[in-house]
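Structure first, commentary second.
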């Protein structure tokens, strides 16, 4: 089936950071017409008052959710928990849903309850939702009616480790991850912790243990093998956009640096958004999110300790792009048969 | 009259940034015993939970304002408008009040009304309050029962221009000031404008015209001459602490650079906290607040355009120190006859 | 004459920040084929090692300047002074030159000598070069063989004041400008002043008077009237990209806010990159460069003091985009008859 | 033996960041007279031109190293490798040496060679030097003639893990550490990697494996038990001062959170600079270096994963204070019998 010339898209819950980023991308997307963006709080107001970068780029006003028209694809950018209760309603409005909340990331009600501490409101759809990272589930996304976005910290961690887990060369019994994340990942609701004078310059361990994204990481890295034990620690850092996940794990002594290179190349050599960053010289020898603001790239690099068999894997993304809206648009491109990079060509800035 | 060995001090409204800074300074002050710190919201809680830098430095808990004991000096660090209504009450608790709000900075009810848009609740005390910048009003502070702190932006601007206005060498008909200020000056109440993702990296004109501190600046720079016309513009900048005020004004052609040097030296040569910063080489040729975090210095520098008679005056402070609590402690030292630098010796850090 | 389908472009001096930004824009430009990028220091090396954001976006290697082929347009991104000596040579390689250095911004040898302190090496071409801000000189750019980029600080200042100067409603005898600029404007050569520990958090007056861009501003705002007196002061601020110019000037009392609005709308209402930013509410009421990283917009706003006739004009740009490479590409689009926004559609990010 | 009233101190290699910080502390130290500060490059220049925070706080000029007088204590703040070759000379000038370089941190020539890749120039003194962290070696420091400073990353890591290693409750076979460090730790020599536009906002893995401080950490945590395997990874982060080390390690299931609390309290309960930071609520629940600029504190906190036996230990310091000069002054206080906190009372700022 050939791809449609253009599709109609709307965004539900468009006043937050993820919704704003999805709107920015869809407005510039040559195959998409943006029909509506909803916000109950800002209904009737110009969207550029909430997303000031879009001043002059759109005259759209926020609609109410009750005024939604039928479209080809709906992006759900609601707070956690709000999509699952009304999913049937949204599914009635569009054949394709891209849910960028945490509602449909886990495949089983049990896993969901363990991670989120309550029962899922729509457990019957969990199994059919596709975990929307195209690098892992491209074929399934093509046929999916419900594409779930992935957690931003999970995306960086999974993409860093996936080829190694697939190739089964790492010790799954203990994977230690230290993930750093910028302030936009916490959304746009003010609090004392996000007040500039308190948050500026902060390196704040907010989930030394027990982060909910661990469940996604474990789910996606199981890959038919045993479920890995992921020791995950998360720190808020001085940045607005960006995640750097540093994973430390043991590899078999026989798997030397060349072998690791080969594994990454095999899995990511043809991926348009995955870059293997590992240079011998220069300033940017390993992945850095500083280069990635506005870009949909995930940069992955590694270093293997010669003496101990320890492998350090670093992966960096823009949490609002590859960690949320950018990845969602990429999945939409896959689903509708558009070239996968359409609307996602921005390479990031340097310096910035 | 000789200075007392030690005095007892309390802080009213001690949960904000200015109150916390006053507490930090008074706890380390060798001539002061801190008796109480009040906060209605945090009553009964350890102060270090609100001011985490003081963990291990005090075991004080917040008191309620109704439990205040009589002391030698009360620091009022309340939101604007709250001190004026209860001044008689506080005056009954201490012979000396240091009010770090904006309530008693202007000398006349008319000026207050013009600046703040409403009548003052205690107009009879306005005339007796002393504008508490020791470099301007040291003698009056010695005898004052009510010392008013100065506005942070006003302090930087006034200290930059005061010697020139006193020497009557600048054109008072048009003084253009562009003042930049860090986020702590806005206090610790979260809002969207101060949300980290919105405020980080921002250079935000928040009062291009009409800033209330203009009234203080005008009042203090009149100096028996005509009232100056101060064109004041204020911008929030990416910093937590710090003010840089850049004033542009015309000087008489006969007043060359040497003459300006001489004027500054005459006024500030013996001042412990005023430094004239004007180097021919090096990185730090003019005042910069980066060097001043935690310091009570006001650094002042200038450059005179050879061709036009234009003079640019730059002055920098830490808004919570010389712009608020540090200046208040300096005034207290003056009032009680302590060496003026007591408890204020921290020089600032480099690099930082 | 109709526009060509595509043109061939090369960049001379492509290892710096302006060259890298020009390269990023031209690589993504649908009407341009990038032929060569020169660097003597990095000759033969992959350009993405110097411009790491372009990893995966180009396989170009740096050429030597002696290997340059003939093309349709040459972007000169050389250090100041290097283009003027070899202009004839470059003119032999391309019918259109876009010079992003400071070599050809001033129209007369006298003005150049006064600003730069030495004689120009190619004075005969000064008069024919077009000052390449399309909003001012669009028609001249169409026919120009030598388009000169404008100074980044000059661009922001000029675009803020141009409509007012053109309408002749401001007092030209005294325009006070306080301009703030991020670190990328200083280029990529390390020094102690730009060392991170020294430069981070700095607000550093680097040219309180005597900045060279003043000459451009004066030249461009003369507009047939008397030459304006521009009192210019420049400060390095904590940012990598971005300029905020704050101009203070007196307007005729009869020119009220509505009249100023009308003037800006008349001049900028149809301009694709100029946005008038002046909102009554919200966080982003005036121009801010935080929103503009990677964007070619110039945002202009103003506030008029009701009582004094003072007008404050704020203008913000990304210094590497509208202040350098973006403006150069815009001028190239004009020169070749391409739609003016081609390759310049990125709206900037929020939050960032 | 009673402590002397005051001692005479000089600093060798005083133009760098560590030397400047040592100078700041010693100038304000009530028991110390600073005699000389050497710098070959700046000989004869005022020290405040290099350390601009000290303007007005000292009139010292840099001396040449050949003009050094005999003193009670010499602080060696030289680049790595320079102290070891001339140690006998410096030992002839002062009975006490505090070496803040990396020259004398390792106890054996073999360990030194393995870590630094060359033979030590003065191997016979390695065994006698005391690793100068008072919390570990207080008694030895009292009698030491050569006190070696500790690596900044090593200090944070060691102080976080020391009580647990001493109590022998962690799995020494695999300790994973992810350490983040600000830009001042790299010293004041400009390079492209530290150029503001490149370094600002960067989170840059600079030693994913193979960091030299690992050898110190291993040495100090052995503690009579087996040598621990420390998997150390280091990242440069957006900060000027500050280190946050996050260690992940397995603990015996029987060692619950209360037991860990007890261990930390037993070891650090009486330590003046060690604070255990672990709150149930509030913004600052775990250690953060944002609060520590200028402070000599090391804040340590932890979280134990209920299900897996994993323990996450976070420790934060100011790398120039507890990570270098502050710790050196603390060791000097111990060595000369001064109260240990003398000159080190600054609690840090909030907010900042």
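In this document, chain identifiers A, B, C and D correspond to the written order of the chains, with residue numbering beginning at 1 in each.
Methods note: a contact is a pair of C-beta atoms (placed from the backbone, for glycine too) under 8 Å apart; a residue touches a chain by one contact, two chains touch by 3 or more.
From a predicted model like this one, the values you see are computed outputs, not experimental measurements.
Participant: Using only Cα atoms to place each chain's centre, name the chain farthest from subunit D.
Facilitator: C
Participant: Between B-C and A-B, which chain pair is linked by the larger number of C-beta contacts?
Facilitator: Between the chain pairs B-C and A-B, B-C carries more contacts.
Participant: Where the CA atoms of subunit B average out and where those of subunit D average out, how many Å apart are those spots?
Facilitator: Taking the mean C-alpha position of each chain, the two centres sit 36 Å apart.
Participant: So what's the Cα centroid distance for subunit B and subunit C, whole Å?
Facilitator: 39
Participant: Can you work out the whole-Å distance between the CA centroids of subunit A and subunit B?
Facilitator: Comparing mean C-alpha positions, subunit B is 46 Å from subunit A.
Participant: What are the residues of subunit B that contact at least two other chains?
Facilitator: 17, 183-184, 188, 192, 197-198, 200-201, 240, 283-284, 351-352
Participant: Which residues of subunit C touch subunit A in the complex?
Facilitator: So the residues of subunit C touching subunit A come out as 17, 20, 24, 28, 49, 51-57, 183-184, 188, 240-241, 275, 277, 279, 282-284, 291, 293-295, 297, 345-352.
Participant: Under the touch definition given earlier, write down the residues of subunit D that touch subunit C in their complex.
Facilitator: 17, 182-184, 186, 188-192, 194-201, 240
Participant: Once bound in the complex, which stretches of subunit D touch subunit A?
Facilitator: Subunit D reaches subunit A through residues 174, 176, 178, 180, 192-193, 197-198, 200-205, 208-210, 229, 231, 233, 235, 237-239, 242, 244, 246, 248, 283-290, 301-305, 308, 310, 312, 314, 316, 351-352.
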